[in-house]
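Here the chain labels run A, B, C and D in written order, and each chain numbers its own residues starting at 1.
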């Protein structure tokens, strides 16, 4: 993925983080969405290892050895931060207090199914907290390249890999487009600037509902 | 019950509170056992409403309005006291951290059954925390008069009232005797000073195993 | 970076509570009971409430105000022995009472707050409390299936809160408050003192702010908070 | 009135851990991992351990010492992605690994610590994690029955402890520690600082002393506590 396409995707996802939200950003790409969020906006960042109110990342030199996020990065507290045990942390997740989570994907399907934790025989480091985030956040956004490194679609009719959670995804942010999971199917809602509609359709492994008229760009 | 018989019973029960124990004393008579425990002995008193390390009772004038025990008495903290929520409080109880609880009884049976929370049609204020204390403390002692106000035995072959917990009682402290629940039945182990053995047998509603030889007194 | 502000006025916070709502009330006896929120609930007067609280307080305070005002159709509690009105109403059939063992009540609330469906326990096996309940075997041990206990609202009392809704409870006033704050669709907290964000040490927060929806400051503490009548 | 003293020396505390024991280890990554207790466990060398920990640490620290020393027959964890040895041993069949979703792992431990048999959750329904598990219906909703997860021993790391075993954890070093302290037959805590009883404010205690059996002071903190290798 080109660096500017990646930044554009991150920036677009950041626009869906709204004031007052409690948000969990998955390890990897989703964590970087934070760089595009207005720092004056009042939101609460949650981390699975027991933090509400995750502050900016710190270098190892300035770090508190007891304060990492779920991805292992050194982070800082802000005014209003709280710490709690892992049972309380997932109580926040499962009881519906997460307004939004953004996650990565190996595969995501038009029906909202998500596969992002195991590739049988090749990659199975364990499920971590992904299942509960995917199944219980009020909104689930997926950040992914539209295709894998070999050009095969990652957005499919049905996932082929074991599911993280079924019918959990609300919105997909890719380098090419924004798509919403709807009862009618996967709807194309925005297209990346300079990207051709037919290329999006060709890169998608399931039928896309394309609205009439010009698509908003991002 | 005569006041000195009552004090003798409390003093005898206090002797079974040993250094290092975590103990819960039920509301009413059991709470008063504490007056007979050596104040220098290292024990941890637990209260259901979320205290480990209950300290001496205070008058309303010197009380902290936020610090009562489960019986509603104002109490004080001591060095090493901790407070916690009601779920953690009963986690201590149910996970077997209570070495001993002393409880009152409407009826107690030779098989260790205890009834102390409801008299159908007459008295049913709710069960409170008694079931969990009775069922899960490592040792359960019952403090009771040997007979009720009309002279009927409270120690029975089988309880007639709804049970608090089945087969939970290890030892009964009464104004007349100390009895242990054993696999063979209820064994008389000590007799109050000046009380006649035949009177104890007559006041007991179930068969007592009486050991050969002289009985220790208390 | 900043955190959201949950500050609200007591009238609009309580106005959310509708006829027929289920309402959890923190507190074990006096400590931790949100008397001011209850007083406002009496003033606004929604009816047919299901009240979930450890106890029924004593006559003339807290839950008793709601009972006297005829707002409660059902009470879920571990005991009501200190409130003669509650006992009389139960015996007259004017009030439906569900008794739950104290620790099981706490756990049913906490399990709801943890987003789970229920739990299995051997507590109460062989007693009247097991009657009519579904039994389940876990690794060969049979227990009672206790369902999660949720509510539409939780009213809780904290000693200190920051404006994000991080709560700190004093001494034995904690009791059911943190559990109920987790288990309701909407949690309304009253606090004796509200401080700026960052003034409560992050390790010392008892209820993390994400569980709190509405935060009400108590301008002065009525006498009921400091009195135990016997 | 005084409270019991749980102080112990590290050698005799760890000597209780026998071949075939199940041992919970606190920590999420480095923070909260009881490295000194693990080091002593390696020195004493009991075998065929079942280790329960959120993760397998990284190569060269914590759980990895036990793996390298051949002491672990089974690992229960939510992920082991940062430890190539653990993954290799799993793939070679040298190590049996049970993966549990992170919050479900936390809750299975907590439920054991609460003296309950299990709980019911809809987490994992329709995914491979539901396969082969007993399902139960609660008020018409079907979920998975997850059994309580107990252990013979829990090794936990606290920042501060008093001699009764009241524990206080720093920042994100809390994680699984308070849950595991509840769930083991014998809980052994190491603390960076041990203070007199009464020095931790009763409201600020994270793990109440009744859960702690043996308390070990760390005389100096090895470098591993302050290092994250990547």
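Methods note: contacts are C-beta pairs under 8 Å (C-beta built on N, C-alpha and C of every residue); 3 or more make two chains touch, one makes a residue touch a chain.
Here the structure is a predicted model, which means the values were calculated and not measured.
K.L.:
Could you tell me which chains are in contact with chain A and with chain C alike?
P.N.:
Common contact partners of chain A and chain C, which must touch each of the two, are D.
K.L.:
Give the chains in contact with both chain B and chain D, ordered by label.
P.N.:
C
K.L.:
Which chain is most remote from chain C in terms of Cα centres?
P.N.:
Measuring from the centre of chain C, the most distant chain centre belongs to A.
K.L.:
Just how far, in Å, is the C-alpha centre of chain B from the one of chain A?
P.N.:
Each chain's C-alpha centroid was found; their separation is 57 Å.
K.L.:
If you average the CA atoms of chain C and of chain D, how far apart do the two points sit, in angstrom?
P.N.:
32
K.L.:
Could you please state the distance in Å, as a whole number, between where the Cα atoms of chain A are centred and where those of chain D are centred?
P.N.:
So the centre of chain A lies 30 Å away from the centre of chain D.
K.L.:
By the touch rule stated above, which residues of chain B touch at least two different other chains?
P.N.:
77, 83-84, 87, 90, 93-94, 136
K.L.:
If you look at chain C, which of its residues touch at least two other chains?
P.N.:
107, 114-116, 121-122, 169-171, 174, 202-203, 206
K.L.:
If each chain is a node and each touching pair an edge, is that a line, ring, star, complete or other?
P.N.:
If you draw each chain as a dot and join those that touch, the picture is no line, ring, star or complete graph.
K.L.:
Looking at the whole structure, which two-chain pairs count as touching?
P.N.:
Applying the touch criterion to every chain pair yields A-C, A-D, B-C, B-D, C-D.
K.L.:
How about chain B: which of its residues touch chain C in the complex?
P.N.:
Touching chain C from chain B are residues 47-51, 60, 64-70, 72, 74, 77, 83-87, 89-90, 93-94, 118, 124-132, 135-136, 162-166.
K.L.:
Provide the residue numbers of chain D that touch chain A in the complex, in ascending order.
P.N.:
28-32, 54-55, 77-82, 87, 97, 99-107, 109-110, 121-129, 159, 169-179, 206, 225-226, 228, 230
K.L.:
Which residues of chain C touch chain A in their complex?
P.N.:
Listed in rising order, the residues of chain C that touch chain A are 1-5, 112-116, 162-164, 166, 182-183, 196-198, 200, 202-203, 205, 208-211.
K.L.:
Using the touch rule from the top, collect the residues of chain A that touch chain C in their complex.
P.N.:
On the chain A side, the touching residues are 19-20, 22, 39-44, 46, 52-53, 55-56, 77-84, 87-88, 90-97, 136.
K.L.:
Which residues of chain D touch chain C in their complex?
P.N.:
So the residues of chain D in touch with chain C come to 107, 111, 114-122, 136, 138-139, 141, 143, 145, 147-148, 168-171, 174, 202-204, 206.
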